[in-house]
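See the structures that follow.
Look for chain A in each of the two complexes below; its partner is chain B in the first and chain C in the second.
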Partner chain A sequence: MMIEKIRKILKDHGRLNKDPWALDEAADLYQAGMTSHASVNVMLALEGEFEIEFPDHLLKRSVFESMGAMRDTIAGLTKGS
Partner chain B sequence: MEYELESFYKGLVDHGLIVPVRVQGAFGRGAVFEDVLEHFNALVTHISKDDAAEVYTFPPVIDRTIIERTDYLDSFPHLAGTVFSFFGKDKQAKELSAKVHAGEAWGDTQGMSDVCLNPAACYPVYPVIAGTLPPNGRTITMTNWVYRHEPSPEPTRMQSFREREFVRAGTPDMVVAWRDQWLQRGLELLTSLGLPAKSDVASDPFFGRAGKMLADGQKQQKLKFEVLVPVISLEKPTAVCSFNYHQEHFGHVFGIRTADDQVAHTACLGFGLERVVMALFKTHGFDPKSWPQAVRSRLWP
Partner chain C sequence: MSSHSLSEIVSQTRAIAQEIAAKHAADVDRQARFPSETFEALRKARLLTAALPKELGGGGANMAELAEMCTALAQGCGASGMVLAMHHIQVACIARHGMGSPFFRKYVEELVERQLLIGSITSEVGVWGDTRSSICACIRENGHFKLDKDATTASYAEHADDLLVTARRNQDAPPSDQVLVLVRKADRTLTQTGTWDTMGMRGTCSPGFKLTSSGSEDQVLPGSFADASAQTMVSYSHILWSGVWLGIASDAMARASAFVRAEARKNPGVVPPKATHLAKMSAEVQLLRNSVHGQAHEFDEIMSRPTGMEELLTIGWALKMNNIKVSSSEMTPRIVHDALQIIGIGAYKNDSKLSVGRQYRDSLSAALMISNDRIFSKTASMLLVHKDD
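Up next is the complex of A and B:
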């Protein structure tokens, strides 16, 4: 399940001050301690895990602000592949 | 007024304001250029005299671990400059000499030293203010030479230049209020010199794909502002002053704490001194003697 994989990546790369399994999908990850540099590592790990490449217009703070936002973006990128 | 790179550069050279050298972005500065620069910097000191900022001067080289610990090499690998030196004995010295005189690459005879070139005037300050701040925080000012690896024919884009910076460390409220006060002050200072200055939200030139995310985050959070003046382009004015709010970044890395034992927030602002001087030459002409009296009396009171 995609959210489960995203939680695992957040645990390894997100430098959150909370357990990713204790956060709901809409929780603001920046509020949960994710720094800008940590969000870059999350982005790279998502690309590896889901074999995608985020196009430049999606390399934005808002795309990575919650697990739900990441899931929707990744779903959009993998649709039809 | 026309804005054009080549004629502006030629004007600076023809009037002896800058002195070209073989590499780009490392030109010398003439006496008149330096006179304007020193008087502008003195004016910054004058308008901030009631702030009682602590004054430090650091050399152009700093502890290399500072750029390693602060993610500078993650954010700006393309701009950093690290000092490499010779660590060998006679045999290696001969090899170095032979390579140099044969016109061969000799970089492999060098090893990385403990210092790097200072990328921004404020970097050496943060480790110095580690520990617990006084209740009102600290305010520090410095004028330092900085290095950016971005050779360019554009005179406003230099490899080495001076920044007059101020740093504020304290609680988030203190730091943001100070930044906002200086944004206004910086605009007033530059407009009082007849410069058509405007402020805008900005982002740093972060490297690569990761950099696109970092820049977007910086803009969305309004962490960086610049004061801009047209120098070589009306559409793309030149940043002559920049304001960065680092939040907890440096406080966290270097262990800077507020008096009530929270991670301190920091912000800095810097005037790019050469750029301010170039903006003055562009706006008022290449001869300071012919500048408007109001501008002259402000700089040479």
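Up next is the complex of A and C:
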């Protein structure tokens, strides 16, 4: 479910050169063409969609490099809320 | 191999700046020629591997010391300072990202032994100044690579021994999936496509070139340029360039001070009218100096922590690098302008002892080396997610 929403956000804002539904959860999104500028838009859309705020220490490449990494981070942030 | 103590590295650089770089600076500027005398001296003093850790045979200088080196050299000749800064950046990329590779470990030994000068080609026709995007690809076959690139500016390329070049990882990779490739002098041809008749930084000799190169696949720096860029190239560039600009500003300050002191000696007991402007200028120079030193020390502090490399990948650090770059590049021309106002005609004349023409023209390149407008737009976008918490 969460991955589905992430795929949708990537489709709208990730500017990937591949269809997000054709990508594995662990696929490297930067290698799929996501620029650092596009990743900021992905971060904003994720914050809006999941009603979260990424703390600054999580604003780094590794957190947004794959759908799986995003899901784990978001799950960590929403746990107990 | 090197037995420099750390402050010795800076004092040796200062001596070369005063005795050699400053002497040739006007001629280097006038003829837009490479400052060969300065680099011969740096090479002899084994200062071209200052950025390599001691265990790899280098000088073991940290960011603070590298910045001081760049400042010291730029006080004598801005173009020399900039070439040294660019060279340190390339060496740092290799030392910090290549040591998992037997090829690069061996290469570093050669670097120490021969004191090679490394240039850089990150620009490319068609990417409009976006260094994080490449059109050319590192084409790999049977353990070899071929790499051809049409560069808009190639830093002192003809005077460099070897070059670090950005390219797409392979033929199929998207523009943002880049690698750094070490191109050896014997394996490259450079066809000049433009001129280098610039306002300033004329001695960096960085016209456009078409590069044709090949080599062993081992020469591709391990990992991705995205990480090398965030963890090393951007930090070293923005801090060391700022160090260079601080050197230019300090040179202008020294000229303005000399002028005011000479005025004061003519009429002891009366503070010369321009001394008040000098007082204002000295506050600006201090602000710039503290900002450059503070940022360099913060980098060294981060690198002293085991999580250092990871911390450099955060948006928070990227913002700091953007801010140091834009602020020091905007302050420097203002400071040189102050010197011009204080000294007056003596600074305006190109053949006067207190001329600041070269310093002024050199300082104007600062805002263009990775355009400040581009950086502000990236900062604006990052501030949308950064909380500064």
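Definition applied: the second predicted complex is superposed on the first by the 81 of 81 C-alpha atoms of A that agree within 3 Å, B and C clash if a C-alpha of one lies under 4 Å from a C-alpha of the other, contacts with A are read in each partner's own complex, and residues count from 1 in each chain.
Convention: a contact is a pair of C-beta atoms (placed from the backbone, for glycine too) under 8 Å apart; a residue touches a chain by one contact, two chains touch by 3 or more.
The shown structure was predicted, so the numbers you read here are calculated from the model rather than taken from an experiment.
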item	value
Side-by-side fit of chain B and chain C on chain A, or clash	clash
Partner chain(s) touched by A:Asn17 [first = chain B, second = chain C, both, neither]	second
First, second, both or neither for A:Gly76, with chain B first and chain C second	neither
First (chain B), second (chain C), both or neither touched by A:His37	both
First (chain B), second (chain C), both or neither touched by A:Asp56	both
Which superposed partner A:Phe64 touches (first chain B, second chain C, both, neither)	first
Which partner reaches more residues of chain A (counting touched residues only), chain B or chain C	C
Footprint overlap on chain A, comparing chain B with chain C	36-37, 40, 43-44, 54, 56, 59-62
Residues of chain B touching chain A in the complex	71, 74-75, 209-210, 212-214, 216-218, 220-221
Complex contacts: residues of chain A adjacent to chain B	36-37, 39-40, 43-44, 54, 56, 59-62, 64
Touching residues on chain C, where the partner in the complex is chain A	132-133, 169, 173-177, 224, 226-227, 230, 310, 313-316, 378, 381-382, 384-389
Residues of chain A that touch chain C when the two form their complex	17, 30-37, 40, 43-44, 47, 53-57, 59-62
